[in-house]
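As structure tokens, here come the structures.
You will see two complexes here that share chain A, one where it goes with chain B and one where it goes with chain C.
Entry: the complex of A and B
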């Protein structure tokens, strides 16, 4: 895409799609009929990610942002399109060398308590990760590497943290360790799926700053998936807005946050939270809720709820078009 | 007149020989038509406080002391009969997880109708149905959902059903415990708007429990900030969230990202974590994490004091010389 620098992208998504098939039993008066329905969770998503760049992916629940994350780290297979890591298809990479592939793309999940073995101490979990990937020559060396990382990220005294089990840590501390565990491997790409949404506001900043600082320091590209635009704007260089499996707008974080062009982005941002009661912003009201990805409306997916809808919106879906250095999928934004 | 007055309410959980002090000496007044937001982080005791007021805590494992006066009548002293009389008619609650608050084997109409029938045994079937349908209309739900089961509804609709359930007997006090937390921002704003409209229409007073200060900012007149079971600061929303005087509230407000702040200027956080509620510090509960703490904070507990502008705070340095 043209708004990227000349550097070769570390991650490329080409028309990535993920459809789920579901067989439903419908009981009718004349007996049972089965029907297959297709849920289009992710539908033709394309983007490039430069080394060290942070891309925020935002959208409401059910828009496919988490599925996209899982496709990038190849926890799920794509139904169509390709995910390329430095030009190589991840399907080939994972067939050749699963462990080597995992070392290059790491993921941080929402709930850190689900991602640690409850019977492993922090030391065992982190040193074990290094050993598995053959980093460091001895246990002592690996321990020192872990200690250094913990110290550097403010988990002090690190020696004390090493001995603890996951249940002896707070959610924020464990999430930080979860990020450090991923970053120990110096991955090319880090996918963070809602890493702060279950944490208290007063400690969220630690996590955001840690992802930002380590990604910048190591030159790791990151995909930051969140439903919270204000937080995403802090960390991301660019933001992609998703609605019903499609990217509807993609551009620089500040452009998207301060001057959204797509009606859905506008509505989402106008609904965004502020803690200043004096601030009276005009909220764009949306009717109803997003339709299910099984019954995607014809034409523009957002048309049935769009406040700026035109009759032509229901006929055909627009492609992503570049306007002022960003991509927008909308007929009315262009006119 | 205050519709709900808490006087020196404390809640202690007893578990395996330990005493966990979840709520410590909270006094609070909720005035009529002055929606109150109670904000706090996880473990601050906001849900415990409400469970105590609703008398939903297990009496075998918890000690509740103090007074909770609902229109002058102490809830903690009520007989079980009196308690079931006032539940739903005087005070109603909306829980965070609407799906868990409803019965999976009953249609939502039937389930809500039951509440009405218990309190008004003389009502006919047709009457109940029309009352339930009217209440659905109030919260923008179509009548047809009367016959649907909870799993057939979306999250936003379920939460509306929960709200309809709480409104069916016209309570004077409505308590919402993280009622919009699980919803998307767009749906959340829709529901908050409806609630505000209904409040004016029906003269309901609302207590909103949440960790999300933006919800309080947009929907409550007053706010109370809770930390580790103690009240830190309270007062009108437009004062407390704009110019907080307690260091904890200041920290909370600063760590909330906004569109105004410059990007990539590092976000602020409050270092440290919640104290062990079984082993509370001798002085101020926030002192170990407080940037302004001095010796006095570690040795004695600050009292809730009045400050200009109808606000209160529990801090030795609030509004004083140490407060820029």
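Entry: the complex of A and C
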């Protein structure tokens, strides 16, 4: 992290939160009372993203990582905190110049089968995107650009692919086209929300490599959201581990993978399969389900499931502290 | 695309309602288009053969003014089809727009538009039509517009539900993140992908519009200058005992047309919705 500090971050999250409110009507003997329950999907997340850096975000389902992705690309509004793109607040940017903002932050979605309008051919979807942003001067020129990109990413013969509809393509091909469409706009930031979780194992590596290569080639920073630690470690420079809407550990990918500090990260990593069968591993088994993000009890969110729990953990939550160039929320594992 | 077409063709062949409806519609269209050639007499021409029962010279008899009933029914088919189709189309456009906007934008917009839809849903539409026609006159164009303006509620409800479900799909989120504007998303993605139930409902809407027009004419609120089936029945009801054929054949014509469009609508519904297709 230290070597990246000189450059100004392309994306900054300051205390970003997203709460979902739900009003419930409770009928009591003395009349009706409405109660508002708040689900804290993302709760005070802060990080910087340097130009060209790839940040992995991992955590189990329901920890708010997808919501964080949607907040960054401004598909949802934050309930608190700011998302800054090159120092400018995203809310201001979208008000001033929606198209210009969208061009700079792009997203690749989890479900490639549903990413494209089922009535649109690949050509219509891709050429339409270029036209929308005024890239290229004529339809013929845009078509050529798309053809070239399709050819370059191995969708050959490109002319044949252009005429196909989404339901005629495989998940891997669709995800390739989805990444390609995002990269057509040369964005500054690419958010990939579990881009390979719905794909066959056999083509995951291709997709990951495509994201990695195009991001590196264009100098695009990326947020790679996943629940798969191994792929995230492979692609990411840094990894943020999320639990119940909060970052519990943030540091260099190798540091996190090889020497996890937070008890939750430890449990995650210990449950990861290794390619080396002789490797000695101690699997930490987590008891119970992750608590629902509605009405979280006070104290450390992870305390009820933590194998290293202490009585004080239920009293107050620890802040993120910097230890050896990484941020960790809980020191209980170190001492 | 070809595969889809094959599937569609298969569904079409297996769909008895649609096939029967299509044949019945073809007959109806043929009659309406060639009413002038097919009619044995001029339907407006009065003659001295008053209330003649069905015979070889007048296959369906004549009415109280000596007009040939068969020719009148042929000409009435034109009116019924025109009124039905145009009213249903007006209803489809209004319903799609209001429902689409309500469902897609949600929040306060939905509260206003959705509330508007619900209010209209409670309204006794037929009496509303009666009032409007009584106040503003009963030209054919006016009748068509009024029926269209009062029968869009079902379409709006359907489109709102479609928009609510489609707007959560990934391709809508992806269109938004690519930079498309809300209006473009509504008109390019949500409405085209959610229009199918509206198509089926509009086909059925044609049938109910024809019924409404007939009811209006029966009450004497139709366009007096044209021949319509409802009007024939209104005329004939005084002669139910002496000239039963007037009301009976005009009524059968209405029933035939309504059944045609119900069969078509139901058939389209079954072709387009995979849930019903397997039945």
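Definition applied: the second predicted complex is superposed on the first by the 313 of 335 C-alpha atoms of A that agree within 3 Å, B and C clash if a C-alpha of one lies under 4 Å from a C-alpha of the other, contacts with A are read in each partner's own complex, and residues count from 1 in each chain.
Everything that follows uses one rule, which is that a contact is a pair of C-beta atoms (placed from the backbone, for glycine too) under 8 Å apart; a residue touches a chain by one contact, two chains touch by 3 or more.
What you see is a predicted model; the values in this text were computed from it and never measured.
Visitor: Per the contact definition in the header, classify A:209: touching chain B only (first), chain C only (second), both, or neither.
Guide: first
Visitor: Which of the two partners, first being chain B and second being chain C, lies in contact with A:116: first, second, both, or neither?
Guide: Second partner only.
Visitor: If you tally the residues of chain A touched by each partner, is the higher count for chain B or for chain C?
Guide: Larger number of chain A residues touched: B.
Visitor: With both complexes superposed on chain A, which partner does A:267 reach: first (chain B), second (chain C), both or neither?
Guide: first
Visitor: Let me test your reading of the model: by the given contact rule, A:286 touches which partner, first (chain B), second (chain C), both or neither?
Guide: Only chain B; A:286 stays clear of chain C.
Visitor: Check whether A:230 is in contact with chain B, with chain C, with both or with neither, and answer first, second, both or neither.
Guide: Only chain B is touched by A:230; chain C is not.
Visitor: State whether A:258 touches chain B only (first), chain C only (second), both chains, or neither.
Guide: first
Visitor: Quick one: which bits of chain A touch chain B in the complex? Just the residue numbers, please.
Guide: Chain A residues touching chain B: 60-61, 170-173, 200-206, 208-209, 212, 227, 230-231, 233-234, 253-254, 257-258, 267-268, 271-278, 283, 285-286, 289.
Visitor: For the complex, give me every residue of chain A touching chain C.
Guide: Contacts found on chain A: 70, 73, 75, 98-99, 102-103, 105-107, 109-111, 114-119, 129, 132-133, 165, 178, 181, 185.
Visitor: Using the touch definition up top, name the residues of chain B that touch chain A in the complex.
Guide: Where chain B meets chain A, its residues are 41-42, 154-156, 184-190, 193, 211-218, 237-238, 241-242, 251-253, 255-259, 263-264, 266-270, 273-274.
Visitor: For a test of understanding, state which residues of chain C touch chain A in their complex under the given definition.
Guide: 1, 169-171, 173-181, 188-189, 192-193
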